[in-house]
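Sharing a structure, written as structure tokens. Questions coming.
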Amino acid sequence: MKKSKVFWGYAVIALVIYAVVQLLITTEVIDLYYKNMLITMCINIMLAVSLHIVIGVTGQFSIGHAGFLAVGAYVSAIITTKLMLPFPLAILLGAAAAAVAGLIVGIPTLRLKGDYLAIATLGFAEIIRIIFLNTDYVGGAAGMQVKYLSNWTYAFFGVVLTILVISNFTNSRHGRACISIREDEIAADAMGINTTYYKVVAFAIGSFFAGLAGAIFAHNFYIIQPTTFGFLKSFDILIYVVLGGLGSLSGSVIAAIFLTVVSTYLANFPETRMIIYSLVLIIVMLYRPTGLMGTKEITQLFKFGKKGGTK
Amino acid sequence: MTGNLLINVENMGIQFGGLKAVQGVNMYLNQGELVGLIGPNGAGKTTSFNMLTGVYTPTEGTITFNGLKLNGLAPYQVTQKGISRTFQNIRLFKELSVLDNVKVANHSLAKHSMWASIFRLPMHFKGEAEMEQQSIEFLKIFGLDVYKDELAKNLPYGMQRRLEIARALAANPKLLLLDEPAAGMNPQETHDLMELIAFIRKEFGLTILLIEHDMSLVMGICERIYVLDHGQLIADGTPEEIRNNPKVIEAYLGEEVIG
Amino acid sequence: MEWIQQLVNGISLGSIYALIALGYTMVYGIIKLINFAHGDVFMIGSFIGFYAIAKWELGFFPALLLAMLVCAIFGVLIERIAYKRLRNATRIAALITAIGVSLLIEYTTIFFRGAQPAAYPEVFKNKSLDIFGVQISSTSILILSVAVVLMILLQFIVHKTKIGKAMRAVSHDADAARLMGINVDNTISATFAIGSALAGAAGVIFGVYYTKIDPLMGVIPGVKAFIAAVLGGIGIIPGAMVGGMLLGVVESLVSALGFSLWRDAAAFVILILILIFRPSGIFGKNAREKV
């Protein structure tokens, strides 16, 4: 079957990238600075793709994604640093906790539309952040120290898993149901799609992978603080999806990679970075609202695996 | 009444705040009938459709479909029970292809679960292949299979209307509600539409309720007609009876009632 | 008596929220846009007031008027440059652009003057007045009076002037208003101007009352003022006033009850509750989407 050839093609490419980078890290050709950038890139890709399924695929304008990042970060940190349990378990539980948070936030808010949904998600993210801010068990405002357990392996396979699951979901009748909701929720309802169910599912999947990213994030920077998970972080993630194109998974990936590089180089000039980011948002919305890729995927540009014309 | 009663509407009405948009509507359709619902603008026709399909919940009356009470069901549930509809202003999924538009309507008929799709289990491939094949076959019936990969937004108007009807049928309904399917069509297109409606009714064994302003279409194909004005039924009967009904003529005062 | 003091604090804070909320509600009412950058206009007003009072030694009222004027112009500029093109775009596109404008204003300010806070000098000798046995600061009374005067002025403009009538017409039905000969573009700009002027006034009042200001001060009050507008009924002017006052009082009470760390959360909890149980707000009516 042609489809499985495409899949194994991608799998091989992924393994090659993984192995090459891992080799360069182990032999210290890639130093700590670049290793950090690569891991950050993976985290940002996970965040971008997980937001993409909510906004890009299902059309639900959620701008509180940092809240789920926070849940994943804090829960996984508690598991490893307070409860002394293994990292893989922490990652799983962090992601699961974030998914539960997604359900709690999603079920009441997903009946709202457009602007109101956006503000409600922002509100919930702030409530989550304030809860952590006021919880002494996780260090309150000062934050919590976290064991350094992340590495390229976890980060890379996290990205691969995220992209794989979300891509598989999207390219199925379930993904189509979500896209139909984005295109016209009333028509989708009329065609037999349980729109509430699918909106919540997309939201939960998005939160799960944001939580996954959160676990990797927490164990990469030695310390996590509530201030990291405020509006600005949610907007950062939003920018990846907007720049990439609302509806394109590969667009989100490309934008996340590109902006991580920009961000890393501008790390010493945070205001400049934010000014550039804000200009990106404004200019993209005014002049190219479809973003870099619109709703197309990069595979459509290269017609990779479409030899023979089957879809 | 001859034939099996498919849908029975008793005393249906809805109130928005203090306004009774529709009240006291009594309608029925037997299996296989083609019935029209007409009335001046703002009479409550689309509102009635919305109640029949679960978009609005009637504040009074009952809707019984195949022995099942529909009041309070969500739109997607009503569709899954066997009622499908088209919209006054076409509501296609613009960024999806023609084929995908139809596949969405097919959604509830497929069986492969979300987990099967995520983990790419055999059930997924089987289910997707079936959906693909069924949808393409379906499009062939409407002559749209050549355009299957075209984005819905790129189709010309007449074809979009046809796709809207095809999509509604892909949901496998027993009762089809058409909301002004001839809007914006010239006489030739309207004629083609009449043939299409007659064809799908026979091919799929459908019962059809039709809102329309184009009287040549209504009088031409409907077996019975209900007339709404200001939210209430003012007349019902055969096209002959309706054409000569003084109340109907008065309601449409100023508009031509042509046969 | 602590409670009464907290209540006075709440009303003072509430009047600041109300002034900002008015701008949100007027803009949303007329073009259905959540102007995320509105909180930053509040911040700019605060800084203009600061420079006017601290550096150029203007009095309170000249500084207030200057801030209002500059903010009005600033608001119109934002509208013309960023939002005008998006009038027919999706709500999401407009909201994303507004977020971009907000970030741009904040970080450009930081770029030029740094992120450090500034302190308003003492503008009024603060006397503690004894009213019915309660100690109330004279500054509280003053800023409350200024806020109330501005709100009354706004009501006058909206209901008794031609431009106010145009604003109301355009928020009901822009196309019909255009057909009646109303210049919709100018009306929208006027709305932004008035809303921004009020936010600027709120900024100066905030500076006088709370002393400390910084470039990111507009973010949280901005969102809270939006919540206040939703609470009162978005698009409804008295709603913004009532919503703002209510929110200010609730926050002060939360603080007074000892939960001061959670006072910010109070606003968000109110928001969630409103959106779930009564999205049209206190004064709002239900609007259905036509199917």
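Letters are used for the chains, namely A, B and C, taken in the order the chains are written, and counting of residues starts over at 1 for each.
What we mean here is this: contacts are C-beta pairs under 8 Å (C-beta built on N, C-alpha and C of every residue); 3 or more make two chains touch, one makes a residue touch a chain.
Treat the numbers as computed from the prediction; the structure is a model and nothing was measured.
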Identifier of the chain whose CA centre is least distant from the whole-structure CA centre: A
From chain C, the most remote chain by mean C-alpha position: B
Averaged-CA centre spacing for the pair chain C and chain A, given as whole angstrom: 33
Separation of mean Cα positions, chain C and chain B [Å, integer]: 48
Euclidean distance of C-alpha centroids - chain A vs chain B, Å: 40
Shared-contact residues (touching 2 or more other chains) in chain C: 291
Sites on chain B at which at least two other chains make contact: 55, 87
Junction residues of chain A - those touching two or more other chains: 186
Contact footprint of chain C on chain A as seen in their complex: 61, 63, 108-109, 112, 114-116, 118-120, 122-124, 126-127, 130-131, 133-134, 186, 231, 235, 238, 242, 246, 271-272, 274-275, 277-282, 285-286, 289
Touching residues (chain side chain B, partner chain A) in the complex: 53, 55, 74-76, 79-80, 84-85, 87, 91-96, 100, 103-108, 110, 112, 114, 117-120, 124-125, 127-128, 131, 149, 167-168, 171
Complex contacts: residues of chain A adjacent to chain B: 3, 7, 165, 168-169, 171-177, 179-180, 183-184, 186-195, 201, 247, 295, 311
In the complex with chain A, residue positions of chain C that touch it: 32, 34, 82, 85-86, 89-97, 99-104, 106-108, 110-111, 219, 223, 226-227, 230, 261-262, 264-265, 268-269, 271-272, 275-276, 279, 289, 291
